[in-house]
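Below are two complexes that have chain A in common, paired first with chain B and then with chain C.
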Partner chain A sequence: MRTDLAVIGAGPAGLAGALAAHARGVRVTLVDAAPAPGGQFHRQPASGLRAARPQALHHQWRTWTRLHAALAASTVRLLTDHHVWCVERVSDGRADGFVVHALLGPEQERSVELHATALLLATGGYETVLPFPGWTLPGVVTAGGAQAMLKAGLVVPGRTAVVAGTGPLLLPVATALAAAGVSVAAVVESTGPRRLARYGGALAGKLPEAAGYAVRLLRHRVPCLARHTVLRAHGDDRVTGVTVAALDAQGRVRPRTERFLPCHTLAVSHGMLPHTDLATTLGCRLDGTAVAVDDQQRTDVPGVWAAGEATGTGGASLALAEGHLAGRSVAARLHGTPYTPAPAAVAARARLRRAADALHRACTPPAHWTDQVTDGTVVCRCEEVTAGEVREALGLGAGDLRSVKLLTRAGMGWCQGRICGPAVAGLTGCRLTPPRRPFAQPVPLGVLAAQHRHEPRAEPTPPPAEEGPS
Partner chain B sequence: MGESLTCDVVVVGAGMTGAACALYAARAGLDVTVVDRGPVAGGTTGAGEGNLLVSDKTPGPELDLALLSLRLWGELAQELGKEIEYDPKGGLVVAGTPRALTSLERLAAGQRAAGVRAEPVPADRLADLEPHLAPDLAGGVHYPQDAQVMPALAAAHLLRASGARLLTGHEVTRVLRTRDGTVYGVRTDRGELHAPAVVNAAGTWGGELAARAGVSLPVLPRRGFVLVTEPLPPRIRRKVYAADYVADVAGDSAALQTSPVVEGTAAGPVLIGASRERVGFDRTLSLPAVRALAAGAIRLFPFLTTVRAIRTYAGFRPYLPDHLPAIGPDPRAPGLLHACGHEGAGIGLAPGTGHLIARALTGHATEPAFAAFRPDRFPDAPHQEDRR
Partner chain C sequence: MNPLELARARPGPAFTVEFDGRRVPALPGRTVAAVLWEAGVTSWRSTRRGGRPRGVFCGIGVCFDCLVTVNDRPGQRACLVPARPGDVIRTQEGTGHAD
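Right, the complex of A and B next:
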């Protein structure tokens, strides 16, 4: 398969980018792992469920119907159920380009290749959850996970829920749970209103949205406990309740403020992190944990653009603006015409990025969150590594996330540290640096071996790999 | 550490070799400080599989050092075996064709004469050792002495056992020498460390450290990729690799061209390593290299076809032009000792290296074992031909 522009990720950023480039005459292929476009934000109910009013659970439904109609009317090639495990930079002598390797379907046993001249990484983000005693109990889910269940499966997780953590995801998730008939015992947000007010200017645009959620939560009689945190989740086989407590101005638990809230579900979220695996393998520079881009959404690798949560989490509207500008820039570059930014998108991007930055600064986990993490608390679920073992690695000479991983196995398992990375960084004081993950997805050895057999033998570069035992 | 600190020996490098040097020097009664610009096991130690092999070595000084090291590893395992995940699992080298088997058996005969236990395994007995091996192999040789450690844990626990002072995050900017050339310590970005002896255990970066002492040592990186699979129930018991092209063992090159080593781990994943390429310090994923590894592993163990690789990573072996390490005092800079350039065998050869360095530090540098590993055996001009 060949295309001018391969867009990885069919969420808001990818859709906007694909449509903007397509509208300017670029052949576009849009690749996504899900069975339908939309990403996490516009996740669709499986058609077999025949949801009568899917919009009831969705935000900005009108934006979505507009994007969906434009995609349907376009000749953008849509490849769903394509799990991209690697993107390779290639040079065929005439021009540089990219090969997108994707595993097909739910079985993921066969890999296909998509050759592209340009690449737009709209790989989105994933949720951060920090550990606390009891967080591995069944019934403890991520806020985004609870939302995904509601949006896709329409299954309500438990009768009583607590929504806890920090960040902009808590209010919409609590609202959606309440709207779906779940009794939400409390929203537990570690950031206080005063801290939010400090960033009031930049957040002004977010206020109507937040106020809307607050009103709906009031209507459902959901109490919001600001500057509170979950100390532990209780239960034997599954969660039966949580202990919450108030925090002081320094982020420490205030003595004698603990209280018990019974619940069947605890939805937690401590923010989002960008998916950067494909970008780092391509050699794109990161800025902190996000892909670094310029004002045209270009990465520092020629031919690679990035937009949306991958370049720093900021929500769907920001992703749309960034994706649109990226699509315009790609078209200009491929046609050799000057880049003409859309003033409205440029202004929206600037405003929404300011708001996102302010939210990030306001909604940080409490400064002393690690105090609550007992040595026996499992931090890395894949390898069952406890907080005590992670702390001990420092005494053995670990000094960064990689050496902590080597000495404890935290981050070596199936999720490759995507879940435990922030927790390990917090517990050890090491900087959170996204590790290299050359495989963005697990890939069958048979797929790699088959590609080896198809490789031309007389290839001049790269030098033949010698093999040996050590 | 703003001011200077005095000890008997400064070891530069907190990898496996530095840890072994620190341990044996401390046990010889010396006051040791280990300094590294990164964390423990931050370089090639953290990128290796922890092979302790005699099977891949032809008779000569390196095999002698490997045999000494394996014996020392066995002693260390008495104290630290569990912490460092020591596993005397043995190695199995298999041949795909009768011709390759003949060459392999000739190599094994030479190794046996040098003191290696190498037991021929006829084709119909291979399945007794490794039930999941491909059925069409010509035969093999079993090396019961081959073993395994978890290299990062081994480095960390040997350092802890040494009792040496450990300064991570300190970069040595210069090896200090008096006007007559004698080494008297190192300068780091956080102060000076004074000692009459400095050991260069900087691995792949050993050439750089040598240059900071004003001498040349042509250590260059040789990249290797390792593939790691999803966790599996134990199916591969030993270190298994194929010897498809055993060159004439009597000949000068005696190069054992082999397929990847495939082995199970206690934690479940199967490790497949490792490719060899001379491409400088380039960590970019090479799909051709990992494809070759996967294909080689499946040739040996067909069940791996459907097993998923969850990770791959690159490391840089420190190699010297004659593929032997530099171990011992540097006559060009009295007080400077080298312990680097072990290419892909650094974990296996670490205790022997540490033992030799401790002997040299206590005035026994005239032993014949040092002759082959002399650090000043290369011409002084910077070695460029292998740079690409």
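Right, the complex of A and C next:
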């Protein structure tokens, strides 16, 4: 398969980028791992569930219907159920290009190739959850995970939930769970209103949205505990409740404020991290934990653009603006025409980046969260490495995440450190540096073996005919 | 109110899958994780070192906590794999490979 532009990720950024480039005459292929486009934000109920009113679980529904209709009316080729595990830069002598490798469907046993002249990485992000005693119990899920299961599977994890952590995801998740019939015992947010108010200017645009959630939470009688944190999740084989406590202005737990909240589910989130695997494999420069881009959303690798959460988490509206500008830039580059940015998108991007920046500064986990992480708390969920083992590695002289990993196996498991990375960084004081992973996800060995192409060889020389007795 | 009512879902007829020897109803389109959640099951893996129970954590295929054995194939992410009629789902012990 060949295409002008391969867009990886069919969330808001990828959809906007694909449509903007397509509208300017670019042949576009849009690739996504999910069975349908939308990404996490516009994740739709599984088609087999035949939901007549999916918008009941969604925000910005009109944006989705507009994107979906534009995609359907376009000739953008959509490849769903394609799990991209690697992108290579190739040169065929005339022009540079890229080969996108993707595993097919839920089976993931067969890999296909897509050849593209340009690449837009709209790979999105995933949640950060910092550890606390009991966080590995079944029933403790990420806030986004609870939302994803609800949106796609129309299913909830239990009758009673606590939604906790920090950041802009907590309110929509609590609201959605409550609307779906879950009794939400509390929203536990570690940031206080005074801290949010400090960033009021940049966040003014977000106020109507926040007010809307507040009203709905009131209607469902969901109490909001600001400047509180979850100390531990209780239970034997599944979570049965959590202990929460108030925080002081320095982010320390205030003594004698602990209280127990019974629940079947704890949905927890401490922020988001960008998916940067494909970008780092291609050699794109990162800015902190996100892919670095210029004002046209170009990475420093020629032919590679990036947009949305991959370039820094900031929400769906920001992703749309970034994706749109990336699509215009790609079209200009491929046609050799001048880049003409859309003024509205440029303005929206600037405004929404300021708001995202303010939210990141305001919604930080409690400053002293590591105080609550007992030595026995599992930090690396895959390899079952405890906080005590990680601290011991620090005592042995480990000065970066890689050394900690080599000494303890934290980050060496299935998820490749995606989940425990921020926790290990926080516990050891090491900088969180996204590791370079050659593959973005597990690949069957047979698929890798099949990638090895043999040079065509001349017919082997037949062995000399046996000479008969003379 | 439940999520199916909220989204006014009119799913096709339920089918049956097997989970650890018992029959569990499944709605078309749902993942293995969604089917098990609906049945009140929250864990379907025991860890390699501690033998501790695990289920869904990230829900989007990133964390690999929800690994499960489906039709004798271990290491499937329950949050991604759709349930199919007649699937035999088993709690995954460790890696799921006898050693």
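Here is the rule we use: the second predicted complex is superposed on the first by the 452 of 470 C-alpha atoms of A that agree within 3 Å, B and C clash if a C-alpha of one lies under 4 Å from a C-alpha of the other, contacts with A are read in each partner's own complex, and residues count from 1 in each chain.
One rule holds in what follows: a residue touches a chain if its C-beta (ideal position, glycine included) is under 8 Å from a C-beta of that chain, and two chains touch if they have at least 3 such contacts.
Since the structure is predicted, the reported quantities are computational estimates derived from the model, not experimental observations.
When the shared chain is aligned, chain B comes close enough to touch A:Ser403, but chain C does not. When both complexes are overlaid on chain A, the residue A:Gln60 reaches neither chain B nor chain C. Residue contacts after overlaying the shared chain place A:Thr240 against neither chain B nor chain C. By the touch criterion stated above, A:Trp414 is placed in contact with chain B and with chain C alike. When the two complexes are overlaid on their common chain A, residue A:Ser183 makes contact with neither chain B nor chain C.
In the superposed pair of complexes, A:Thr160 makes contact with neither chain B nor chain C.
Once the two complexes are overlaid on the shared chain, A:Gly144 sits against chain C while remaining clear of chain B.
Residues 383, 413-414 of chain A touch chain B in one complex and chain C in the other.
Of all the residues in chain A, the ones that touch chain C in their complex are 33, 35, 40, 45-54, 56-57, 106, 126-127, 136-142, 144-150, 152-158, 179-181, 237-238, 381-384, 413-415, 418-419, 441. Contacts from chain C toward chain A in the complex involve residues 1-12, 27-31, 33-34, 37-38, 42-43, 47-50, 52-65, 67, 76, 79-82.
Across the interface of their complex, chain A is touched by residues 14, 38-42, 46, 48-49, 51, 53, 55-56, 152-153, 156-157, 159-160, 166, 168-169, 227, 229-231, 239, 241, 256-261, 267, 269, 272-279, 283-298, 304-313, 317, 343-345, 348, 388 of chain B. Those residues of chain A lying in contact with chain B across their complex are 86, 88, 109, 281, 283, 383, 396-400, 402-403, 406-407, 409, 412-414, 416, 436-439, 442-446, 448-449, 451-453, 455, 459, 462-463, 465-470.
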